[in-house]
Structure formats: C-alpha cells, structure tokens
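First chain A sits with chain B, and in the next complex the same chain sits with chain C.
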Partner chain A sequence: MILALLLAAATADGPPELPAWMRSSAPDAVEFRPVRYQDAIRSVPAFARDMYATSVGHAIAYEAMERGQWSTMEDRTYRTIRAVLSAPPRFAVDERALSPRFSRRQSSVERVFEWAHALHFRTIDILAAPGLSPSERRRAMDAAWREYQAQPFALTGLPMSMAYLDGFPWSGNFRRRYPKVNALFWAYHWLQTANYDMLFETPPATHRPQYEVLGAQYRDAELDRVDRDFMPMMAEQSPRFALAYPQIANAFDNLHMLHDQVNDLYATPGMAPAARDREIQHAIIRVLASSHAGETPGEATNLDLHDHRHPPSTPGMGFMKGSEDDVMFMSGMGWMDMSVCAHCSVPFEPDPAWGATVTANGWTMRVRCIMCARDMASETPGRAVIRAATEQPGQTLVLISDDEGNWKSNLPGVRFVESGGEHPECHAWSKAFTTAAAAEAWRQSAGEDVPILDLTAWGQLNRGKPETYRKINRPNPYRDSGDAR
Partner chain B sequence: MIRARMLAIAASGLATALAAVTTASDHGNLDKARPLRVEDAYSIAFNSREFQSGLEFRGGRSARSTIAFRNELQFGYARNADVSIGWVSNLVDSRGRATAGQLDLSGFWTFRQESVRGPALGLRVDLDVPLTTAEGSSSLGGRVRAIASRHVGRYDQLHLNLDAIREAGTRRSGSGSNPDRWAATVGFSTPVGLPYRFETTAIAEVGIERAWRGGPTLGLVGAGFRRQFAPRAVWDLGAQWVPGSRQTWRLVTGVSLSF
Partner chain C sequence: MILSAIAGIMLSAPIAAVPMAELPKASPILHEADCPFCRLKLVQNTETEDNEVVLRFGNKKIEYRCLFCVIKDQRRYKGNLVVYAPSEKVGEPIVLKRTDGKWTGPEAVRILNQFKSHGDCAALSRAFTTEAALLRYATDRKVADPKPLTLEAFIREVERPK
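Up next, the complex of A and B:
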C-alpha cells in the first residue's frame, strides 16, 4: 500500500513519456537541404548581421542563466550582449559554442531552438532571393515547411493559446525580474517577426531601404523597450505574411513562447534544477508538432493545451489573453480588431485587392487602401514604410518616408487617384498605379473624372481620422491597473 | 609531365574551392587533417555537404621534402553521421615523383553529445585505397579512430583521439616500416575572442604513435587555427613537429567549403 502510494506520488506529476529524440543524447545537428539562394539574407547586409547577433544574444543570456549569474544579469550580461549587438558578427554563429554549459544541460530545447532558427533563416532566404517567381517562392516555402516538419523536434504550426501557454504559475518571472534582458529577447523576436512583411512580395531592391527603417527601430527603440506587455507576435508584426503562411507564423510564435517559458523557468526562485529541467521538457512537448498530430486549426478539444482557435480573420495567430474573435490587445496599440482596417475600421476586402500595410514606430498594421496607409503613417512620428497593392498583382508599391513625412517610392512613375468618397468604399476610389498610363487607363475605364496625382502631390494630402474609425476601449488585460495601453 | 598535370589539378581544385566560397563551414568543428591530426567528436550536420582542399608539406634533415594535395567531399547523410571520399595525391613524393596517391573512404558517427554526464563520443572508420602500383603501395590501409570531446573551461575543449592504423602501402615513408600502429592524440581547441569575436578557432595537439609490435615511439606536437573568411568557407593553417620521424616537420593549409 505504502509502496503504491509512493509510486503514485512519484508519477502523478512526472514528465509525460519523452519522444525518442529527447531520450537520445545525440546532438542531431540538421541543416536544410542546400539551395541556390542560400544566404540570400546577405543581400541586406545590416539585416543579416543583426540576425546573426540575435543568436549571440540568446546564447550569452542562456549561458548566464545556466551558470546562475543572476546578480549580474541586468548589468554585466546585459552590457556584454549590447556590445555584441552594436558590433554584430559577419557570419552566422554557432550558438552551442557560446553556451556550452546550457547546451550540455538543455540539449533537447537547444535542438528545438536550432532547427526553428534554421527555419527562420531558410524562409528569409526564400523571401529575399532575387529572381524567384511568386510561384517558385510559394513552392520553396511549402518545401521548407515540409522539410522542417520532417524532423521530430519540429514545432507545431497550429495556433496555440498564448493565454494558456503564458498562464503557468511561473509565467512572466523573467520579464518581471530581468526586464532589460527580457527586452533584448523580445527585440530579437521583434526583428525575427517584423522582417517577414518587409520581404514578403516586395521587390528585392526595396529590402535594403526598408531595413534602414526597421533596423533603426530595432536598435534605437526595440532593444530598450521594457514596456511591452507580451512578446511580439508574427501576425502583429507581419500580418500579410501570417495570412499567407499561417503554419509558419504559428510555429515562430510557438518558438518564441518556448523561449519565454524557458526563461521564466530559469528565473523562478527556489525551483530545483531537476524540477526546472522536467518543466522545460514539458514545455517542449507542449509545442511539438508530434504532440498535436491530427489536430485542426480553429478547433479546440479543450481550452488549454489543445486549444487551436484563432481569430477568424487571422489563422496565423493563436488566441491571446482576453481575445474575443478578431479583437485582441496589442502592446502599444491597445485593443484592435484584426478583421477591419486599422485606420478606418471598415472590414477588409478579400484578396487580391489586399490594400496596404503601414510599418511605423515598431508596429505593422493592415489597412484597406493607400490613403488609409498614408494618413495612418502621418499620425505617427518618425519614419514609416507603406507596402501597397497596385493595378499589377505582382507589383508591390513600397513607400518610405523620412522624418518629415516626405515619401520615396520604388516605382519612379507611381501615380495615385484619390477621389474622396465614403470610407466603406475607399478601396475603390483610393488607388496606386505603377505608371501614369495605367492610372489614365483606369480613369477612362471607370469613367471617373478625378485628378491623377504624382507622389509629391499625393503625399501632401491628409484626410485625418475617418468618421468610421471606432476605437475599442477596454482595460489592458496584462496589467492589473487596467491601463488601456 | 605527370607532376605538371598534378599541379594543374591541385591548382584547379583550389580555384574551384575558392570559387565556391559564395556558397557555412563551421570553424569550430574540427575535421581530420584540417589542419592537424586531431578532430572533435562531432559529425557534420545532416544534409550538409562540405568540400575540403589543402596542401601538406613535409620535410626534415634526413628525408626528402614531400608535397601532398588532399581533396575531400563530405556528406551528412543522416543525423549524427557523415561519409566522405577523399583523394590524397602526391605532387612530390619521397622519391621526387608525382604519384596518384590514394583514395580515402570514410565514415563518421557521433554517438552522444557532451552532456552533464560525460563527453561527446564519436567514431571514425577510414579505408585507404592506393592508386599507384609502385612497390609497397598496393595494400589497403585503414584506420579506426575513437574520439571523445569535452569542455574544460568556459569555451575551451579537449579532444582525445585513439587510433588503430594500418598504412596503405608506403605513402608515408617517414612513418616507419611497420604498417600496423596505434596512436593517441590529445587536442585542445579554443574559439578566439568569444564572446565578442566569432571567426577563429585555435588548435593545439600532442600525440604519440607506435607500432603494435614495438619499436620507437614517435611524439608529435602541433598547432594551428581555423578561420572563417566567408559565410560558408574556412581557411586553416597548421604546423606539426614529429621529432622522431625522418620527416620532422609538416605544414598544412587548406580551405573547407559548405555548398
């Protein structure tokens, strides 16, 4: 009887059965199959180096955690990482070389991290590669996802409930106790999420100038940002990419959440190493693809581990704390409805009239039309990037503003029409065209007597906040004070 | 004539290697002969392909200097395992001739990575096939190498290599007449400049080698480095001193390219 009780106590909260690869002590180093566009990320050198440096930042912090260097985490470790980030490496860095003790102890999570980081680099290479047609890019992305999923330490591409994954007793310990280093982690994850819309269906020639804006935001703001309530999500930072590749977006969110969980477990005072390691194993298993085989996005067999619901308009993101359907809380933006234009609150038109996105001040939002994009950008101090549809489905307009709001275009002959109708139809009367001839052809076919504007004239317009805009006022679900931001 | 052809092959091999630089060799992953004898217990990654090319100069007061040109293709065919095929040609052998040298076929397996319980463990099996019919050069050779690697400082690693060797023919004429020998090598590697610089690994080794049937014990001391100079390319340079051998010094340099 006593023996039975002891056995029951020992196994009641013991680890679930470990997958074979987690029981193995082999290193399992894996690379994606070689492709001709390997290292295309280097076409944007500053971006490549910043991405390489994120590996160093992760590894230095994890080694310090494993060595128990908590008293110096926020000064010496932080300063060391910042020094590396300011002089990033020229080439990709082997994280295990920088965090040997962490790697010895946490080999399973290291394998998960490395393989998912490899997926980051592979998908970025595909998007950055010059000379690939849209269909080739799509096939390459699908192949990369299949190749990623073929390894047993692949993360699930299902949306996971972030409210559940961040709701454990130890959740949030790291961000509360070590906010500066946590800000670095979240900045890396910002960079690893924000870049996708920079690259997605945008001309390669625009990637460098776009990264001037994103890179400055990363170095000058995100690395120091300690007021973020939650980690950056793929669908927040790259909404178009997350719509196109929801499984990949979900896998990266699940990766970044696993990073947060490992950090939180290490930062939990009084937790014995063995108990911590067991919890880390649990955390890995929770987000493995193999743990969710046969499950379906949008469905929930329960409201915790197997809750794969997502905002109806956003399949590339699991439910967040306080989410209701498409309404979710975004750090710095407040409550947003993902199914409507961030500027005019009018529901989106279906693709291919995809509208535009605006990137400014660390956020990227979808809007219905190029006018909404311009006016939303003008509300935000600093530089902005607009990516917008034109009359040619494969030709994305990329506009980049300076600090004074003057726009530069990747299309020298870009023209606009903006006749000023009602906002619910703004996508029909606010348009961008690749050339004056294309704009004139549209005007004639539409029978519209509206002026055709060049970039300078169009850039000087500002119609302000539309009457249709509806702000959602609710308390911040991440703060007890109920602060609305 | 043959030497000129071999030199041309060597030159073209190196040119090919350098041309492929666009396409990551990991400077921290020590491979056999790149540039020292010692290697670590880790195979190359699954799916990775690597081309290695280099020159080896040997000499000494009591022996003629030799130059060998070594090329090798490695393929990570599975997790924790790779295979390779290499060609070691003699641009100048101990008789001053250019000879085709030998083919090296090799398999490598990593059984475990370093953990809190112990070192990383690996095994290499080599088969050497002579390509010349010169006297004494026709017998197959081979090597079985057991490897252990573990960290000894924050970033530094020690590597123990234990070899059982049968030399193919008499290609390495300075290594003694008895082809069956054992060797033990202890290597030390350290990434230079961590955590601020990430491109160079320095390596040192000491080793001994002796025939199974007795005879003199040869000592070996070596030092070198591996330096990444492109996203997927590593340059290596190493020097070895083998005091008891007829060829008392060796100088090795080459490149490793992932593609």
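Up next, the complex of A and C:
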C-alpha cells in the first residue's frame, strides 16, 4: 500500500517511481534456506529433467526476443527449444547464462521470475519429499511461503483479475503471432501447474507412475497444443492443491500471467524498446505483493488492478474473462461450475471426505465420488489418473489406467462399494476402502447389503451419463465466432 | 478510490470485458462434450433421432460426433473396438466391430458420408440398416446425389490419402 501511494504521488507528472530493488544493480542472488529435502524432485527423475528444461526453454525464447530474432522465432528458435526439451538437462540450469542480453536488460523481471521459479522448486520438493508427516509438510509449505514473501520482488498471493491483466491493447500479441513458441510457454506452465495435484497428499511411491501419464501428456500433446484460449491456471490443473494453498496457487498464476505480459510486450510491433521496458516495469509492479499490501482476497476496491474476487468455491484463482461467481470458461472443457462435480453436476459436500479428482487428456477435474471419477475417465480417450479419498483421511487412493481403462492401484487390497442410487447422494453409496476388512466394517455399520468389489470388478462397471449432469452452454468468451468450445 | 486513481495513473487502458448481462443463461443439456477427433460438440440423442456414436475400447466408452470421426481416429486405439452407430431406428444402434484390425458389421448396412464441413458431419456421416433407409433419409435431408457405401467402401473412402 505504501508503495502504491508513493507511486501515485510520483506519477502525477511522469512515470511511476520504481521501488528501490528495481533501480538497484547490486548483486541479487537470493536462495531459499537449505533444507534436508532439497532436490526431492529428483525422486521423479523424468519430472525433474522436464522441469529443468522449462528453464532452458524460457531462456532461449527470451534471448531470441531480446535479440529481435522474430523472423526465425517459429522455426529456428522453436526447433532449438524442442531439441532441448527432447533431451532435457540432468540438473537445474542458470537461465541468466543462457539469456545474457535479456537478463541484463530485464534484470528486474528476471529477479521476479527466478524467485518465483525457486518457489516452484521449493514447494515441489516439500510435496515430493518422503518421510514428512502431513503436519510437517504443512509447516514447511507455510514457511516456504513466508520466506518467499519476505523478498521485495515476491508476487502477490492474492487472486488477480485475469480478465483485466489479459485485457491490454497489446495482450495476446505473442500467442497470435508466434503460436508454436507460445504453446511451449503454456506447456511449461501446464507442467508447472499440473504437477501439484500429482504430488499433493499422494504417496511418494505413486509419483513416478503418475508422472508416466503426466509426462506423456506434456511431451505428446501439451507442447504442440496451439488451440488453448488462455494459459493453464493452477486451480484448473491442480484443484485440490489450489484449495489447500490458495496464496501459492495465485502467486503462480500471477507469475505465469507476467510471463505472458512480457511476451506480449516484446511481440508488439512498433513499440519502442524504452516504452516496452517501461510497460514491463508496470507489469511487474501490478503483480508484486507490495502493490497489494493490506488488501483482502475476495474483495475488490476497483474492478481492475485491485479486483481480488475469486470464485466462491475456489479461492486459489482470480476471476477469468466472463467469470460469474463459480462459473468460468475452461479451455478445452467449456464452461464449468467450479462448485459442483464435473461429472454429475451435484454440489460438493462440505464433508472433509473430499471425493476424488480425475486427470485425463490434459485436464484435472474434481468429482464427488470414486464412481464419478471412474465414469468420467472412461468417457475420455487415453490413460487417466484418479486420486480419491478412502476411509482413512491420510491415505489417498491413486488409480492409474491404461488406454483401455484397466486400473492399477497403489493399495493392493483396495475394495469398493457402489450400491447404486441417486447422484445427489453418490458420495454416500460410492466409496473406496483401503482393505476388504474396512469395506466390511462399513457395510456392517451402514447396514447396507451391498457387494464389496475388488478393483477388476469395479473397473468394469460404468453407469453412463448421470441424469443430474448439466452443461453450461455459453459462447467461448475468447473467440469472436461464438464457438462454444 | 485511491487505489483506483493509482491504477489509472500506472496502467495502460485495458480492453473492456464482455458485459455479463449479455451472456446467455445456462441451459440444461445432457453430458455434452467435444468430439475427440473434430473437437466440435457432440450431438445428443433426441426422442425422434439417435445421434450418439459410442466407441467401446476395453472399459472405455467414448463418444464421437459421427462415424467418419471414429474411423479417422481409430489408430489411437491399439486393440479391438466396438462401435454403436446410431441408425434410422431410435434405440437400435448398428454394431460395428474392429477385430484384429478388420472391420465387420451387418451385411445390409449402408453408410452415408457426404458432409463438406464437420459442422454437418453428425447429420451426413451416418449408418443405416438398409440402402432404402439411407435413401429415404437422404431425400428428407435433401442430400444431392446420395451414395450408399458398404462398410468396406466407407472405410476405404475415409482412409484414402487426400
């Protein structure tokens, strides 16, 4: 707030006064304090390497932008990056070494990027680390967030209006003019968002097999995907993590939007470098934590820069273009109501038994119960991952299917009941249990005379389309044609 | 107010958002998704006409917009397939099977495949129990010069390199 007031005073007759760190050329290497689970990301080697490669991809593209290599952006630069992505590095790479001119010229934005990327790696390490109890993990995440926020170049954890931040005259220039390289950026951001639900409250032994599915989607589909209307959002790709850590989810969305803004400004034809650099400084200031000090999630002092509203059910995401309460447009899925099951459209239970999520075909959706998860996955081509609650609060069931919908479980004794009934109560009659004994105990206590199913029998069921399902039919807000996708 | 003023000074003008009041209200439509191949919306069954093309692959049941889309996308699936193709008879789909790579179906089945753009594929790439049924449908839909294809000819036509 103080920074904002200073800016207001300083900008009456000219450009805004920059915060001291943006005017400083002092050495600025900042790192998270060492912890024993440092580099736990390497427990999933393919994931670690793909993450390291995203840094290289960012750096190569930015250096090409700074050098004005626009005519070769979509071929030579694109091919260079793809070559790196197909043989990713074994260790983290210093982006500045790969983008010396960009880093010199845009040192402020580079600091913001580096520090937020460090938060990515720290939070991933915490979630991937074996041997941490849930409370230790929670404390470590909270500590990481505090440590991150202690730096002046930290991004705000408040939800920001994405409709506003992507609504400038130059917004979208990069994705329109350089769709292939933009697809790479959005694929990196897909990877950096989709991994959180893979890791969040799931047993470490499941992370590698889960990444076989996610990594294949990243390499075989996301890197080539030029039909996204908007960048991947944390709450879209990792809805459970975003619910648990909304500030961190928002900070990453704000980071990825800052990437888009820098790209768009560089790709704006005819913009003088000095004017572009000023706009980039403004873009940084818009999303800094210091620019929003004292402000509150869910509130809006205006409907642009200080619009911190979020879908009521989803505090880890700012309002999107066309958003109305919990209803938002999700690229590839259409309009969704974030407060209801993606499969049966029945509102989520407030119960801490959280239901399940389904990851397939590049999306991750929250659903009310394990049956909704299975049937939603069975409608979708390709492999799928289900993460589901069991009768034991700390024991997440992770199911991974092959292309034909045959499931494998992390819990060898997993059992299911699916007595059948109406969807508004599906969470009560469709359940997963860690063992046959636990399922039997539930059957006894519930007085339900229903069969207990093993994984094979359960996996062959399919109840088809829920009668409760309601599609929200509105035009795509990102396309003039009114295409509803 | 102060924050609004700051925003006004600091920032370039954003493009106005679409007014929410102009957006149409939600309408209840059952399980409407996109076709995995053409990415257009699936067409649902109605009381008078079946439209849902369902591909069965192991435990998966995946909906397509039309038969053309199924055949175009078939290489995605490595095993045997069963396709329930809507026919001219409501509730009586035609069952087509791909076993060890070879497609089979009822001998008398004829397929219409005469759409020009995917916006029309659900209506104009369809299976019928007989040639007579196909021709009646084509007459009702004013399809010029309808060409009833056998399953084999249809697959050959779809897979022919363009």
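Rule of thumb we're sticking to: the second predicted complex is superposed on the first by the 469 of 485 C-alpha atoms of A that agree within 3 Å, B and C clash if a C-alpha of one lies under 4 Å from a C-alpha of the other, contacts with A are read in each partner's own complex, and residues count from 1 in each chain.
By definition in this document, a contact is a pair of C-beta atoms (placed from the backbone, for glycine too) under 8 Å apart; a residue touches a chain by one contact, two chains touch by 3 or more.
Please read all numbers here as calculations on a predicted model, not as lab measurements.
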item: First (chain B), second (chain C), both or neither touched by A:425; value: neither
item: Chain B versus chain C as contact partner of A:136, first or second or both or neither; value: neither
item: Chain B versus chain C as contact partner of A:75, first or second or both or neither; value: neither
item: First (chain B), second (chain C), both or neither touched by A:163; value: second
item: Contacts of A:220 with chain B and chain C, given as first, second, both or neither; value: neither
item: Partner chain in contact with A:29 - chain B first, chain C second, else both or neither; value: first
item: Of chain C and chain B, partner touching more chain A residues; value: C
item: Chain B versus chain C as contact partner of A:56, first or second or both or neither; value: first
item: Overlap of chain C and chain B interfaces on chain A (superposed complexes); value: none
item: Sites on chain C touched by chain A in the complex; value: 1-7, 9-18, 20, 23-24, 26-34, 36, 39-41, 57-63, 73, 76-79
item: Interface residues, chain B side, partner chain A - complex; value: 22-24, 26, 28, 42-49, 76, 79-80, 110-117, 120, 151, 154-155, 191, 194-199, 228, 230-232, 258-259
item: Chain C-facing residues of chain A, complex; value: 4-5, 7-8, 11-12, 16, 163-164, 167-171, 227, 279, 282, 285-286, 301-302, 304-306, 321-322, 324, 327, 332, 334-335, 378-382, 401-406, 459-460, 462, 464-467, 469-475, 477, 484-485
item: Residue ranges of chain A in contact with chain B within the complex; value: 25-34, 38-39, 42, 56, 60, 80, 83-84, 87, 89-94, 97-98, 100-101, 103-105, 107
